[in-house]
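Single-structure report; data block below.
Going in written order, the chains are labelled A, B and C, and every chain counts its residues from 1.
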Amino acid sequence: MSSGSYYVPASSRWPVLGSVALGAMMVGTGIKLVYDTGLPLVLIGVVGILAVMGLWFRDVISESRGGLYDEQMDRSFRWGMGWFIFSEVMFFAAFFGALFYVRMFAIPWLGGEGAKGVSALLWPDFVATWPLLNPPDSSIAGPEQVFSPWQLPLVNTLILITSSITLTVAHEALKVGDRKTCRNWLTGTVLLGCCFIMIQGVEYYEAYAHYGITLEAGIFGATFFILTGFHGVHVIIGTLILAAMLVRIIKGHFGGENHFGFEASCWYWHFVDVVWVGLFIFVYVL
Amino acid sequence: MAPKLPPQPPLQHSTTAVADGQSHGHAAPPKGIFRWLLTTNHKEIGSLYLIFSLTMFFIGGIFALVVRAELFQPGLQLVEPEFFNQMTTMHGLIMVFGAVMPAFTGLANWMIPLQIGAPDMALPRLNNFSFWLLPVSFTLLLSTLLMPGGGPNFGWTFYAPLSTNFAPPSTTFFILALHIAGISSILGAINIIATILNMRAPGMRLMDMPLFVWTWLITAFLLIAVMPVLAGVITMMLMDINFGTSFFDAAGGGDPVLFQHLFWFFGHPEVYIMILPAFGIVSAIIPTFARKPLFGYASMVYATAAIALLSFLVWAHHMFIVGLPLVAELFFMYSTMLIAVPTGVKVFNWVTTLFRGSISFESPMLFALAFVVLFTIGGFSGLMLAIAPADFQYHDTYFVVAHFHYVLVPGAIFAIMAGVYYWLPKWTGHYPNEKLAQWHFWFSIIGVNLTFFPMHFAGLAGMPRRIPDYALQFADFNLLSSIGAFFFGASQLLFVLGVILCVRGGKKAPAKAWEGAEDLEWTVPSPAPLHTFETPPVFHRTSH
Amino acid sequence: MRSRWWLMAVSLAASGSQAQTNGWNMPVGVTDVSSDIYGLHMTIFWICVVIGLVVFGAMFYSLFRYRHSKGAKAAHFHEHTSVEVLWTAIPILILVGMAVPATATLKNMYDSSDAELDVMITGQQWRWRYEYLGEDVAFTSNMSTPRTQISGEETRGEHYLLEVDEPLVLPINRKVRFLMTSDDVIHSWWVPDLAVKQDTIPGFINENWVKINEPGIYRGQCAELCGIDHGFMPVVVHAVEEEEFDGWLAERKEAAEQEAMGVDREWAMDELVERGESVYQSICSSCHQAEGQGSPPAFPALANNEQLINDVDWHLDRVVNGVSGAAMPAFRSTLNPVEIAAVVTYTRNAWGNDTGDVVQPSAVAELIAQ
């Protein structure tokens, strides 16, 4: 609840520019997908968004360091970040929901089991299995084989879990003002993030080159890539954010009490971690 | 036609100290168009939202008139079926995402800080961003109509595979436009939640908040929970169209019905997103003009929460005939029927608020009362639709079209108009011209019923929706509907006129513009200065 | 149990019951299920009317009685727990009362066991295909209302938009199970008098059933937006006495066998063109238009189509296998070899496509068999 006077920024040009940049990126993407041209527009959009974000956050940081923010502002940021992460959770929920639906209903029905098993009349040769190596229509080639969870995926799981721990150590260190420890452990976290991304890249290469797991490989490929793909994008973003935090730590930003920017990055990273655990279980193991 | 004007409180000057714009030095805002482009002020952003919404209401309305003109009589007269489908689709999309949702967000921007005694929204720059995404999104959406192959033509529900394998090339742009609108809604909702949870005047507990604030708190929660699901499902569409995935294609092991589950998991809460803030507005207006506290404040809050929670469990009532297993069918029928209970509580509370009040009939009140009656009628037809076996006959007919226009037009739209008439004095410092407003009301109520009532009969008699031409036995109903639509559309010009006149002048309004009004917004002067509550007001608990 | 509810509803609906014939209300229909549904519909309608009268009655009474302009003074009560509990509980009871018969009806509708006849219904843009499973009888059913009536050049007939070239013929008094699917997008097969409306989902099969009590002609429409001609996709069911049905089915079976034999013989060009024209007009013209001019870019022209004229095999392949990812359906299983050969021969020799080519049914049959 209100205490003192709340800082209301004067007018700002970043939001409008941001929406124009986002618009440019979307239009560019559309043109690229539909007419196979327009890459420059996508790039302009992406660069614009990044630039706007940088400048916008620069304002926020300088306001914060200028002592314009009070506890109430801090709470606003906390609520904001918390609900943003909730919206991300729901975004992934849609993809997990699709995976569960397909595995529990659609594929068994197509294979002749359950309430709508008559559908199998249309697909006489189809056998319901998961992972789905042979999609109902033989013109769609399924994956040749799928990944064993106990190799690269397990390594990645360990990496991400470790990275959550190292990040927590860094955070605790920041709280007690031990900036050097914080810096070292945060550096470790960023490196772990990079490792994860690289390993995921190797896995994608393997998927296309040797496993026949592609976007076109029926519903297995589709759910596999949409879940791991969006997760991967989130890891990349999270790593970038943590890298930015590292730069700020090195520059001497943040106090023992006042470091919500850092804390928000931690929340985000833990969220990405939790999603991975879900992925590991439902996409790879089960 | 307009009855004698009821008494209004005398003009007085506000004695509230807080609300005086000059308190501390604000940098001079940029001039001209930049003022609007760059603003972080909740009142200016609120106005932008409202203007945007009105524009979209007219564009969506014109699309509806194209539909109604084609359906004026049997046969194909004005437009090709292809274009007709685009009009139906765009009408639905524009009205839902462009007119109703931004209107409520605009009202939230204007009124929530005023009602809870906050200086502004919690995250003002983000607020500006949320707004300016909308023009970008809708320009892109509307431009699809001009692209080769035409715009979206698969209904606002864009069921796969019609919207994936069989769609025009512009569909990709439609998806991207919807993504932008979705980001806008999510960020706007986050801002509203943060504002409500964090910016209330000292001493104001959650259970002291006006109902408009409460309903918006819950609506914002719904938005954050379901807009990402919409984003997810349209992303899957994008992949099916452009990258050869098979989410919605049985050939690869997917299922077209999966699309519908995901869509309606978003879509049903979406319809409550379009009605809960309306409940809040009506719950403010009825006590004001009945000069009596709202009956059952607490149960109103609980009922709103119950509706919101139930709304996550009923989505498949839009899918009773896609061939769900029997258990699913039963579950969704029962859960849907249950929603009548909390909604009924609200209706009964409004009626009881009127009971033994001291009621006057200014334009906001007229719209609010019409809301109660006509929304309830729409709710009754909703309940009929919820009876799964009967829905086998109702589904995808004009009976459904009648149902949802009753809850949306004299529901959501009337509540928005009631809110606008109610708060215009606070925004502009002038009362809207009451005579004009009363004419607007009576024309609207006739128009709306003439347009949408006959649709019940057309639907029951067997007319499917989304058809450009129909069998001869439906001709009379359609004739009436079309006349009504043009009449209703034309009456909305009175609304615009009234608003413009009110902005430019009119009878001066005091801080407390309506005799029976209680909430905090009525303690600041009219028009509300650009900056209000820069030092938090002290909140004194009133009756509830 | 069922009929008791129905009776109750009908007696409740005493005044409304004339409505059923004049096209204002849901039809009672000609099956037990349809009259159950009608009963539910009316019961719930009247319950809503009564609730509405009570609620709006109280409301208008208050509006009238407590007018500010008449000097009404406002009371100040704003809570009353027992009243609030009461008006939560009563609606719940009413809802339970509605749910009981609705559940029974729904269960009955879902029970398609013990059917005597299986009909496969396949939606296609924009026609219906009917297949009597196990009887080797199958045909497609297209709207027969001429486009000239739609455009208004000709006066509209009585069954404007609700008439087809070949109706679905069904026996009365026999339980018929429908297996419903689609070849392209989602359609919905609906006949109000039978109270059957069911989506047809491509790649899946939905079940429904009907047992018709009275012979007659029952009309309906596709009820799910399925593209340009969604409004022009009627359903007509011809319900006949059992013996008549058996006779009809035997006749159709015979004809189908005749046609199958035709595959092996050599056909003359004229024969094929004649046959092909009728196939073309009923099946292909909705997309490629009556004169083969198409409506580009969505639907390519077939008249003066270079590639088509130059390449018979390609042409045949398009028709037999369709174009995946586009609206062009594969006709390998929905048209028989004679029809395919005929329509291809026709398109290769009509509208200035004077190739002189003749494609024999036997060649098509061979292609399909591969």
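Methods note: a contact is a pair of C-beta atoms (placed from the backbone, for glycine too) under 8 Å apart; a residue touches a chain by one contact, two chains touch by 3 or more.
The model shown is predicted, which means the values in this text are computed figures rather than measured ones.
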item: Most centrally placed chain - per-chain CA mean versus overall CA mean; value: B
item: Higher-contact pair (C-beta pairs counted), A-C versus A-B; value: A-B
item: CA centroid of chain B to CA centroid of chain C, Å; value: 34
item: Inter-centroid spacing, chain C versus chain A (mean Cα positions, whole Å); value: 44
item: Mean-CA-position distance for chain B and chain A (Å); value: 32
item: Chain C, residues touching no fewer than two other chains; value: 203-204, 206-207
item: Residues within chain A bordering two or more other chains; value: 109-110, 116, 119, 122-123, 136, 139
item: Numbers and ranges of chain B residues touching at least 2 other chains; value: 250-251, 255, 257, 323, 326
item: Interfacial residue positions of chain C with respect to chain A in the complex; value: 179, 181, 203-207, 324
item: Chain C residues touching chain B - in the complex, by the definition given at the top; value: 23-27, 33, 36-37, 40-41, 44-45, 48, 51-52, 55-56, 58-59, 62-63, 66-69, 72-80, 83-84, 87-88, 91-92, 95, 98-99, 102-103, 105-107, 109-110, 125, 149-152, 156, 158-162, 180, 184-186, 188, 190, 192, 195-199, 201-204, 206-207, 220-232, 297-298, 325-327
item: Sites on chain B touched by chain C in the complex; value: 4, 6-7, 74-77, 81-82, 85, 148-149, 153-155, 159, 161-162, 165-166, 168, 249-251, 255-257, 290-299, 321-323, 326, 329-330, 333-334, 337-338, 340-341, 344-345, 347-348, 351-352, 354-360, 369, 372-373, 376-377, 380, 383-384, 387-390, 392-393, 395-397, 457, 460-462, 464-473, 516, 543-544
item: Sites on chain A touched by chain C in the complex; value: 109-110, 116, 118-119, 121-123, 136, 139
item: Sites on chain A touched by chain B in the complex; value: 1-3, 5-6, 8-16, 18-20, 22-23, 26-27, 29-30, 33-34, 56, 72, 75-77, 79-80, 83-84, 86-95, 97-98, 101-102, 105-107, 109-110, 114-116, 119, 122-123, 132, 135-137, 139-140, 215-223, 225-226
